[in-house]
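Working notes for the structure below.
Naming follows writing order (A, B, C, D and E), and every chain is counted from residue 1.
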Amino acid sequence: GLSGKNSNESVASASSQKILRIAAAFDFKSAMEGKTLVYENLVKSDMAGNFSGWLAEKYDVSDDGLTYTFHLKKGVKFHDGSEFNAETAKISLEYAQNNDANLKKSVNSIEVIDESTLKVVLGTYLASFLNTLSSTSAPMICAADLEPAGDPKGKLSGYIGTGAFYFDEATYEKGVKAELTRFDDYWGGASKLDGVEWLYVADPTAMVVALESDEVDMIGIAEHHSSIPYVQIAELKSKGYTVETDETGRYQVIEYNCSKAPFDDVNVRMALNLAVDRELMVKTLFEDMTKASKVITAPWFVLGPDKVDENYYKFDQNRAKKMLDDAGWIDSDGDGIRDKNGEKLELKLVVPQGEANADTVSVYLQSELQKIGAKIDVLTLESSAASDMKKAGDYNMYIHHSGNMPSIPGGIGIGDKYYSTNKDWAYSFHSAELDGMIDAAFTEPNTDSRNNKIDTLWTYLHAQAPCMPLYSVLKLVACNPRVTGYKVGSNMFDMSNVRLLDMDMSK
Amino acid sequence: MEKMIFRRLFLGIFIMIIASLLSFVLLYLAPGNPAENILRQRTGEDPSYEEIELFLQQKDLDVPLLTQTSEWLYMALRFDFGESINTSEPVMDEFITRFKATLQLTLITLAFSIPLAFFIGVRSAANNGGTFDHVSRFFTLLAMSIPEFWLGLMLMIVFSKTLNWLPSFGYGSYLNLIMPVATLVVGYTATLSRVIRSSMLENLSQDFITTAKGNGLSQHVILIKYALRNSLGPIVTAIGSQFGHLLAGVVVVETVFSWPGIGKFLIDAVYLRDFPVIQGFVLLIAMMFVVINLITDILYTYIDPRIRYERR
Amino acid sequence: MEMVLMRLIESHDLKVHFDSPAGLVKAVDGVNFHIDEGEKLVFIGETGSGKTVLGMTIMKLLPTNVFYSGQLMYKDKELINATEKEMQEIRGKNIAIIMQNPLSSLNPCLSIKEHLVQVIVKHEHLNKKEAQAEAERILIRTGIPENLLNYYTHQLSGGLRQRAMIALGIACDSEILIADEPTKGLDVTVQMQIVNLIKQITDETRKAMLIITHDLGVAAALGDRIAIMYCGRILEIGTVEEIFGSPEHPYTIGLINAHPSRGLHPIKGFGASLIDIPEGCVFSPRCQHANELCKKAEPPDMVLSETHKVRCYYASSK
Amino acid sequence: MLQVNDLSKVYKGGFFSKDKLTAVESVSFQIKKGDCFGIIGESGSGKTTIGKIVAGLLKPTSGELYIDGKNILKNSEMKTSNFRRRVQMIFQEPDGVMDPRWKIERSMMEPLDIHFSLNRNQKIEKVNYWLETVGLTPEHLERYPFELSGGQLQRLAFARALSMEPDLIIADEPTSSLDVSVQAQILTLMKKIQKRYELTILFITHDLYVARQMCSEIAVMQNGRFVETGSAEGVFDHPQEKYTQMLIDSQLPLDFSVRKKLEYTGECYDGKFCRNYCK
Amino acid sequence: MKKNGIIQNSNLLMKVSIIIITIMVFGVIFAPRICNFDPYTVDLTKRLLPPGTDGHIFGTDGFGRDLFARIIYGGRVSIGLSVCVVMVNAVLGLIIGSFAAYTGGVIDEIVMRIVDVLMSFPSIILTLFIIGVLGPSISNLFFALIVLGWIGYARMARSLVLSLKEQSFITAARGIGCNDARIIFLHVIPNVMPMIITFAALHIGSTILVISSLSFLGLGVQPPTAEWGATLSEAKQYLSLYPHMIIFPGIAIALSMFSFNMLGDGLRDFADPHLKKTIKT
């Protein structure tokens, strides 16, 4: 159980004051995440990629998908007391437009219809439009907070939003902590917490220690990926901590360089996809915390591959070996590594530094692929160096994770990756056929027929085995038993139901 | 003397400029750009081409690096190091905040290390070959052999997790200082006490020690006024260089204990390719080194009259 | 030869050996001598004959690998077994020493005045101010110009350093002053001044001195009595007149003849090793007159007069 | 054989400093073949500086240096005239002249390797010959410098210099750190060798007795200048200069019977001061 | 006083450290013969075994690899790499420093200014920088440790040579006709070697530490290469449940550093010129 006495003053203040202390690997101001506590957006999306209104009570889309009308909530106040209305929403969108390439490109006009109605007209169809609006790129900001005031080209100075907590510059200590206080005039009703304390803890091990020594209430919430080692979760649970996990639909995958041997051959790609026992990996190395990925991206996404056979890449090393044999890769000199035309099956796996679990995965891959006669050379590089290598096509395999809105071209993630105009993934799988399919699917405003088109697209893509899906990246949040009502969701920082119980931790 | 200081300061400016130009060259040769790294850190996704370009444009980074640097240098000469690309804060502000934290850690570490090291070093030199010397030799060598990161983690496990006595992270209260300081003190005391011991021993075998004994001076006076006094030169140099290295950042300790110091911040900046921060920090750190070296040299001349007069 | 003179130092069969990796170094091997009040005894001998070791033995300043035997008395006090504490009292106060190399023997971080102040404060129970005045007085007396008193050793010429050493030696008004090669490495002119200074000071204070040198000229100028050392032994000891007027030991004669003012007549061979001491008379391997007896058994001290002793079988036959 | 014209040497301070020190000031002399020319003078008068310049170890600020009529200060001459072999210098401190980490044998062989092309046996033979000449045995070759006494080392230095068959030897106070008996050995040896091989010697010393024993001609040096030059007898017996006289007076005689009434001349403490006082 | 004591004692300490180092070096060289298991074979059925089970002396790690084998093989990298790094640094620094000091003048000034600049460049930053940019691999690690590593040796060699230059045997060597190259390589360098070697022995220890610290920060060798710091870093997450994983590599690092430090310390006393006087008779 939880041991130790609680002489810490922070504990005392927490129990009387009800301040939720969360550990974060980044300083409050440099992390995007922290801003979600302060700012809100017009719309939000759930995990599967369905959008709904937020500060816009509801919205309408025209049939051609080019005109969006937002009906704004009334009675929403900014932290400085000013009203949120169509005018400020317009400025906010203009500000976002200045900071987001896609919005800048596609948005033609933003009009204030009345106090609470806003119309946005796009010049070209932008499938990711709502997605962008729901992301941190398009927060609703207060006009007065811009410098010079009201100028969307200006600099955002304070942190004045409409969220449940407000940021007070005076409490902020660079690289140490930031305190967010309850906003009493919050439109959704004041939070049950008195505040949130954002504490900088650099090291993942230290974070777990901090939780166990009751210096923070919650860890793992503030990072893009979980920083809590999976092996520690069981232990934390056994000690009585709540561990909230959820799949966000991010899959870690190995991307193949399909423009050069050996991965220009679909058989080789397929063989590798069959050769790795992902179930075993997840069960052992990841303590069964997460799920092995069976298809390229999460099937439960709105636009996900829900019609693709689950067993498409089922682990079968014999089949894998046979496919390699058929592809002409045989071990002719008996050194355990296959070769073809004098070239050995040695593959360069590029790992961008900081990619979660990459060390574990690459060691496992090495040992699995060795069994079918392929040798992996791991090269861990600082992420921008790795990215440069990727752009130059200087790799065979590249480990990375998909974004959580995977199926939207022009946005982020996988749908875009295989589109031939993409400069970032110039060496991924591309074909004219696929381009045509993507074009057809994403210019289709009609939802049903779009889904059909997308299903054929997924079937085609899986047959091509453009990448090796590994496992579903988990979002992990561990908290004190004192914290109740927290759920991992699309908005990690939704604190509306969170309470801090009065509880003596030194039981 | 003034001439020496003047000359050294002149050289110092030269060194600072070269050091920051060197960092520029290294960055220039390095792959990656700030936009990509910073955007990736913010969103956790690989940014697209368009996003990167927009970011570069916004931050005025779409001009050639050479122009950027010459502009930077021009501004730097007026002590304006620009803004961090990542945080949009003035580099000088960032530096001062981090420097305060680092300086605090450094000074307190040295405040413990130096007296302790003097105690151990002088006693073991005086007791050369005796029990104290053996025991202290064993422990100082052992202390030098413990990796900082390992010690730090162990302290944290014991004092934060198991005993729940000390905070495992944070900055501000004296409680926060205990473990990082302890981690650093172990290694620094050991190293310094070895320096003190060996330079004491060197002097203790000199003829003037025999003279002092021949004059019937007491052990205490001989040890302090004769041996230690003459050993101070190398000791001050050692302290100076340790001070410099501590100031330049103890990345490991800063990482383990989430200490908001220069080192970790600079490393992060390197990863983000936050050019103004890197160049500014390198220049300021180089300046610290120059100043510290100058101070040790000046102290040295006060300690050692031989140098004082040779410099005339 | 007044009998009232007090005997300050007296040694009987004094042996000082060192343990070293190469073997036992018999640096002083059976030495008998004495120094009376106000007397100046000079030890002459070539390099490595044990002169410095002898001087340091009296001060008990030798490294820990040393073994003493025999007897060494300071007045009524046995020095061989004296503790470090007791020696600290005697050093500087009763017996003072002027060390061999003034540059390395002075603390480079103290000015010459500070050196003296340290010693005076320790022994004279004066306060800082008085001690400083006293230090100045002594330094000026040894001929160091007033404006140089706060200088450090490396700023001074060899002669001045030697003067500072002498000042340090006389600072505590000890009864005995040991001077180890006080003129080594000095110019003729400076050497002359130093010899003058020592002479003047001893004449004034009637201080007893033990002077170590290998310069016969210095010995002739300063000594009342002279002891010729070779291979850890005293081969001949006598008054200046006896040693220079009627030297008896072949080594003494050889030394005098080797002096450039007497023409260059070298003694053949090299000094003996202190580890493998030659059998019989230690000088026999180099001695023209040596015969079988000399090579077998070490000769005893032949007493030629009350003051003149020589360790040679054929002392008076030549 | 050796002719020195108007030699001067100014030492500059550090890299940046402007301090200057004139160690030697327009000194001229010449030495005939087979002669021993002595330079005497007190410490710091510039004796070693002259020696080093003549040995080619130091560049003079100005002046000319002729050996057998050739100006060897010209670089080309320095190389072609076998200068390094023909002119050898013996140093004041025998202790540091041999590489402390080399066995004597290696140090002795080194110049032979450089200047002669001999096989190993020839080299050994040659080294042994010179060892014998200076009164040492081949057994000494197996030792390290620290295992030998100062006298032995000085002999080795001589043997090494002689093995190169030089024409001119510069002996810079070769015996000042040795004691009298060894000094006598070394100096008689020098004399013997000088006669046998018709060596020319530039002998630097501050010991007037030694100078008188060794040299046929003497120069008295003070403050970087030659104040008096002449034959040994002339200079010692009828000194022309007050300074020379003072040097002679400062000698401590061996004779106890004429044990000089020593005079206390306390003011004379510093080289500089002394010079003024003596003029 | 008591000088002899040091010599004897340091000999004892040195003996101990030399024995430990010899054992380690042998272990590293004959690793395949000593280990029953391959350090790279992943066996997920044998994960996280405690020490002593199934013939795994130190137990197994998260991939079921034998920890003992990983530590022995890890020594190849940790010790091997540090020794190489130190050797290259020492030679480089020695040559540069000796050359600068011996030639003096402008060349010396230039070299010393370069050293000054590099000195004022925070070393850890540069190391991290190089590795971050080039990617962590043994060769890049090597390169990064060389870039700044030679400076210490160069400074040391320089000051030693400066004082050596004043000694008469160097002048004498010129006098007998040695050219500069001969003097530097035959006389100067061999004479500064002992101090450099002493320094190097101490440096090996700290290099082992730097390499493991870098691995710990994720900038060391590439997986699956066995290296002590990397092994420690992998073990970090198992800290409280499987402490054996952090204890054994920790001991390996501390023990090797300890013995190299002890060796260096012993050598330093040994090379101390003042102490040598007493040995000589």
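Going forward, a residue touches a chain if its C-beta (ideal position, glycine included) is under 8 Å from a C-beta of that chain, and two chains touch if they have at least 3 such contacts.
Note that the coordinates shown come from a computational prediction; the quantities given were computed from them, not determined experimentally.
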Identity of the chain that, by mean CA position, is farthest from chain C: A
Interface with more contacting C-beta pairs, comparing C-D to D-E: C-D
Length of the line joining the C-alpha centres of chain B and chain E, rounded to whole Å: 21
Geometric centre distance via CA averages, chain D-chain A, whole Å: 86
Chain centre separation (chain A, chain B; CA means) in Å: 38
Distance between chain centroids, defined by C-alpha means - chain B, chain D (Å): 53
Set of chain E residues in contact with two or more other chains: 1-3, 5, 132-133, 236, 239-240
Residue list for chain A, restricted to those that touch at least two other chains: 205, 353, 382, 385
Numbers and ranges of chain B residues touching at least 2 other chains: 30-32, 153, 157, 161, 206, 255, 271
Sites on chain B touched by chain E in the complex: 11, 14-16, 18-19, 22-23, 26, 29-32, 128-129, 134, 137, 141-142, 144-150, 153, 157, 161, 194, 198, 201-202, 204-206, 245, 248-249, 251-252, 255, 263, 266-267, 270-271, 282, 285-286, 289-290, 293
Footprint of chain A on chain B - complex, ascending: 30-33, 36-37, 40-46, 48-51, 53-54, 58, 86-89, 94, 97-98, 101, 153, 156-157, 160-164, 167-172, 254-258, 260, 264-265, 271, 273
Footprint of chain D on chain E - complex, ascending: 105, 109, 167-169, 171-178, 182, 186-187, 190-191, 280
Chain C-touching residues of chain D, taken from the complex the two chains share: 42-43, 149-152, 176-185, 187-188, 191, 206-210, 212-213, 246-247, 249-257, 259-260, 262-271, 274
Partner chain B, residues of chain C touching it in the complex: 56, 59, 61, 88-93, 96-97, 99-101, 104-111, 118-119, 122-123, 152, 154-155, 168, 171-172
